[in-house]
Each structure stands twice: as structure tokens, then as C-alpha cells.
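Labels run A, B and C following the written order; every chain starts at residue 1.
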């Protein structure tokens, strides 16, 4: 290891970390919505993201459709998928012990991944749309990552505006805090559940679309995002939506920083170790959240 | 006589709110105490802090002179303090007898004997092999009550023992509590039913907004203006 | 019911013991695998079925056992039966290391932690090349011991089933179940839930560890992807859920039925097969959460210890 670590390297790493982190935040916000509103750990979140990526790919492959424009299609599409999943499957276990919803979404995730294997095969796909990087001073900014970050930020801001200012958004936050009280206030909790799962799925899809331009697309691609999204929720605090943002950025930063000191392979273990540490030390998250 | 339980300046916060904000109590052994207060006054939170289910943020709790605020519930249990829950927590897939047997005691045969003894005490011996989940509400309440007695604890905390219980059963429970006191045990109960509290407890603590409001004999408390105001006024 | 069951069991045992005499090499291999799955399912049941703490990373113990025992054979020259037991011991140690911090977490968070475990171990196995042969894998000295491994696997499957029986009929088992029923109440009643969860976890790791070693010995070659396959976790889970978690014979039933299904479908339609497993898990959770045996238990009021 005796490599000298220059400020430039640190700076580069911070930038890369924030870029990656914004994507984590986006996807994790989706998972956080589902968990916050329904207390369901959506193990199928990664596969939903994967479906978004594949949709973008096929639109690009068959129609030359601009991947970033395809957000307008993938998000609504996966919104519907999410609503369907909630309505017919998840709804039945929302009130059961958390174990049941965990196993259920686990089953769904396996089914989705293997459906993708059957439908798309495990051949690696790529969306060759945006490559290369800008140079800003001594720093290299990868173009697709920058674009992904920009869109992720935009979508996340939109999501927050929705949550804070619209009636439905407020209803979602109310149900996240207390289902009973929300019901008493006349909120149709079932509808909010559908909405939350749909929104969560749409956000995952957005993440998938943005990532599709950067990485190889294959059925298993979402799995690691499921786990990292959980980690972000844990970092930020369950039910704490702004916390998910900070958690995502934090994860991105930590991962990139770790890559300075550790080899690429061990890097993957960093997220895991971080998770165990946080769960042990502050299970309610680094920021305030409900356990 | 030194107190069997002492609570000193306990503070417990949830988010930015202090559910319990500097409460202090002292309980002498061999008496029945009540803990009352309007909704949100912090009674259950205090209960949870005492029994280890929650951890107090500040303050001390001493049981038989020993600091227990950092101990886990099972450790506190073994020191001689048992509790029941507001929402019945029997183990539904275990039989009534098994519910009692799992409570850590010595050898199997002795535990079995004691369990059957307790079941007979509350006239549930014929339901010993019935799954606790299949019992009626009142029967489950009784099982939860005698479960606490399996290890013969010195102090028993009852969380709303009168909740949802019919008159007859309630009287049985109250008689049982008095018998426990006569055996030298200390009982602390959280309760909303004022008749129960006034009829059973020797000393009553009143909490309001997480703080001590008043304490004393039931008659005194009933007449205390501050208590009346806390419940009905403002 | 009670009388013919032990007789049937005895006959089955004798039949299985004599099986290798008549069977082909392929037939032995198949049955050997069935025993392996029974042992795996039964072990998973010990932690997840009894305490309700779902372990998504249980295959880690299988992989650990594979590597530990193979290394003991290759680098330390141990005879394979002892090495496999060593594999089981190492798996239990791993369970202790992981379980001690992770079992403090509430159920869902424990599940999340276990989800990540798999990936981490695969990464570590690839990384420590010198020791494990890295991505190239590890080869064992050639040995044709299929029949002996058949018996060994059968023995482990039987042993784990017997252990499950003893646990389910003891107070130890009752206490494990209280963790599943109501952990807060269990703690309040003096049960040191962390300790009991750890015991169950360690016990549940030993079986996969030994079986991992045996499997490695049988294959003669292991590499990270082969000993930490996610599909193994899925299969263990679906077998237990389907047969009936928290029972003694549920995992055996589930393992047998789904193994037969697997043999028929797997080789040709691997993704369809996994897809169906996923669908079965969903179906079981929604329609038959207690599994086949659970349904029978309720319908015919059978005792807990079946």
C-alpha cells in the first residue's frame, strides 16, 4: 500500500462518491417509502430496478429511444407493476408478522429475476449512449455518471416536493407516522399503500434507467442494490425520508473512500461491514428515525 | 426499612419529546402501589424503563439497592422482579402449562409441580394442555398473571390488570394481589380504573406529562386539586 | 398413527441402508444429494423455523464447511470424515462470529444482515487466493468414496432430525419457540433470548458445515461460486416452508418432494425451475404459511412433534 494519497485523489473520490451516492439515494428512497408506509422490506426492489433497466435497454435497442427520455416510460410502467404487486400479493401480508412480507418479497424477487433470465437470457446488454468524461480541473467527471446524478437529483427533489406539498404526499407521510391516526383522519390507507408501493417501484425503475447507461445489464444486476438500499435506510433511519438521501450520499462516499485503501473486491464487503456496525451501534439510524 | 425499588430522576426521550421527564419514586417492600395519570403521562414508559424493556436516558433505578437501569429484561427478572403486559402476551402456540414451564426455574419436575399448583390456584387446571391462543381473554389474563408468579418474585409490576376483565374475574385477581402482599411481596400497578386503584392500593403515585405530580394515600390523591385538574381540567 | 409410524420408519431406514448394494453409481449420487438436502433443510428449520429468525445467508455455512474441510484434507492431510467434522466445527465458529453481533438485531434487520453475508463470503473466498485457490478453485485428491459418503450424508440427515426431535420435546425448544411467539415477553420472563438464539444458530450451522465438507469431498473440486450458490439458500427455504417450518418431519417432507421435483426439472430448465421455486414461496406464504404438515396438524389436531 505505500501509495501517496494526494488531495486530488481525495477530491476525485469525493466527487465519485457523491455521484454514486445520489443514485443510491434515489433507489433507497423508493425502498424507504415502501418500508416507511407499510413496514414491508421489499426484497424485490433490486429486481424492479432491473426491470427498469431492461425496459430502457429494449426501447433503445429497438427504437433508438433516448434512455433519459425513457424515464417517462419506465417510471409509469414500473409504477403500475408495483401497484399490481401490492394489490394482489403484498397487501395480503402487510398485517402479518414482518417475516411473512419478507419471505413473500423474497419469493417475488426470485421469480422476477428468473423471469428475466427466461425472457432476456443472461447475456450482458449495454446501452451505448453516453460515454467518456469531462475534465474539470484535475478531476474527471464521467458523463453518464454526471447525467445520472443530475436526473437522480431532479427526480428526488420532485419526490420531496410531492411528499411535502401535495395532499397525497402528506397523506403518505401521515401513514408513515401512524396508520391508526391517519385512518381516523379520513385517509384511505389502502390507497396510500398502493401509491407508496407504486412510487417506490417507479423510483427503483428510475434508478435502473439511469444505471442502464453505465453498467452491463443482466438479470442479477439489481441484487446488490437491494442490499445497499437496505443499508441506506438503516443509515438514514426507517421512515426518515430525508435521511435516505443523506444515507445514500454517505454510502457512496464511504465506498469510494474505501476504494482508495482497499482492493476492488474487498470494497464490496465494506457496505456489509458498515451495515452490521450501524445496526449494532445505532439501530435507529444515524439520523433520527423509528426503529 | 430501605426501599425495595427506587427511581431517581429518570428521563426517557423519544425523538425530541421526553415521555418521562425526571421522575422519582421510592417503594417500600410488602405494599401495594398504584401508578396513575392521564394518557400520555409516561406511566407505561416508566414501567418499561424499570423492567428493562426500554433504557432510560438519564437517571438511576435501584432494585433491592442494586442499579438496574442498564440491565436487560431477563436479568432484571432473575433479580426478582416480574411483570405483566397491558396487551396480553401469552405465547399462543404453547399450551397454558408450557407457558408456565418456559419461565426459567430449576428442574423440570419441580417446575411442573409449581405450574400445576398455580393453575389450580386460579382454577385453570383442566386447561393445562390447551393452547394458550385458544383460551378466552380472561383465561389468558390469568395465565399471564400466574406465569409471573412461577419464580416467586419479590416484586410484581402489573400493567393495567383490570383492562377488559369482567367483574368476577377482576375480584379474583384483586384478591390474589392482596394475598401476594400478605406474603410480603411488593406490587406496583399501572391502572386507569380508579375504583380498582382506590380500593386496592395503599399508596398512589400520580404522573402528569412525564413528571411527578403527587403521591399519597388514595383518599388524599382523590381530593388533590392538582390531580383533578390534570385529569379533567386545563 | 402412532404404532405404524416407527415401523415404517424402521423399514425405510433398513431399505436406505441396503440401497447401495443394488443401486447404480448414479442412483447413489442422487440419494446422497437427497440426504444432503434433508440435512440442510432440517438445519435451516432449527433457526428459522423454531425461533422465527429467518436466515437468508445459511449457505455461508455450507461454503465454510466445504472450504474448511477441503483445506484440512489438502493442507493438513486429515482423513475426510474427520475433516468434514472439522468443517462443521468451523461453520459453527462462523455462526458464533456472525451471530453474536447480528442476533441482537430484531428479526427483519437480522434478515437484511444475512442477505449481505452471502456476497461477502463469496468475495472473501475469491480474494484470499493463496489459501483457497481463489477463482481457480481447490482440487482434492481423487477418491471414489460415493458409497461411504452416501452413508455419511444419511447419518448427518438422521442426526439433525433426531436433534430436532429432542429439541422440540424439551424446554429448550419451548424457549426457542417463545422467541418466535413474542420475544419481548420471552425476555421479560427471564429468557436470555440472545443466548438461546445463538445456541440455535450454532446448531443450525454445524449440519450445513459437515454436509458442505462431504459434498466437496464427493465432487473432488470446489470453487467460490459452487459453494456459495444463492440458489441453495432459496432451495433450503422453499423446502422447509413447503413441508412445514417448525415441525420435525416438515423439512424432510419438503426436501423429498421438492428434490424429486428438482431432479425432474432442474437439469433442463434451470431458470424455470428457480422461477417456480420463487412462485412456490409466494404461494406458500399467502396460502399455506405453515406448510403441508402445518395444515395437516391443524386439520387433524396432530401434536407439535411430528
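Everything that follows uses one rule, which is that a residue touches a chain if its C-beta (ideal position, glycine included) is under 8 Å from a C-beta of that chain, and two chains touch if they have at least 3 such contacts.
Values in this document were obtained by computation on a predicted structure and should not be read as measured data.
Engineer: Component check with chain C excluded and positions unchanged: what groups of chains do you get?
Structural biologist: Leaving out chain C yields the groups A | B.
Engineer: Any chance you could check whether A-C or B-C wins on number of contacting C-beta pairs?
Structural biologist: Higher contact count goes to A-C.
Engineer: How big is the gap, in whole Å, between where the Cα atoms of chain B centre and where those of chain C centre?
Structural biologist: A distance of 42 Å separates the two centres.
Engineer: Please compute the C-alpha centroid of chain A, do the same for chain C, then give the distance between them in whole Å.
Structural biologist: Measuring from centre to centre gives 32 Å for this pair.
Engineer: Which of the residues in chain C end up touching chain A in this complex?
Structural biologist: Residues of chain C touching chain A: 52, 54, 56, 101-102, 104-109, 111-113, 115-117, 119-120, 123-124, 126-127, 234, 237, 241, 271-272, 274-275, 277-282, 285-286, 289.
Engineer: Please output the residues of chain A touching chain C within their complex, sorted ascending.
Structural biologist: Touch list, chain A to chain C: 41, 43, 89, 92-93, 96-100, 102-104, 106-115, 117-118, 224, 226-227, 230-231, 234, 263, 265-266, 268-269, 271-272, 275-276, 279-280, 283, 291.
Engineer: Which residues of chain B touch chain C in their complex?
Structural biologist: 51-53, 72-75, 77-78, 82-83, 85, 89-94, 98, 101-104, 108, 111, 147-148, 151
Engineer: Show which residues of chain C lie in contact with chain B when the two form their complex.
Structural biologist: Where chain C meets chain B, its residues are 171, 174-175, 177-178, 181-182, 184-193.
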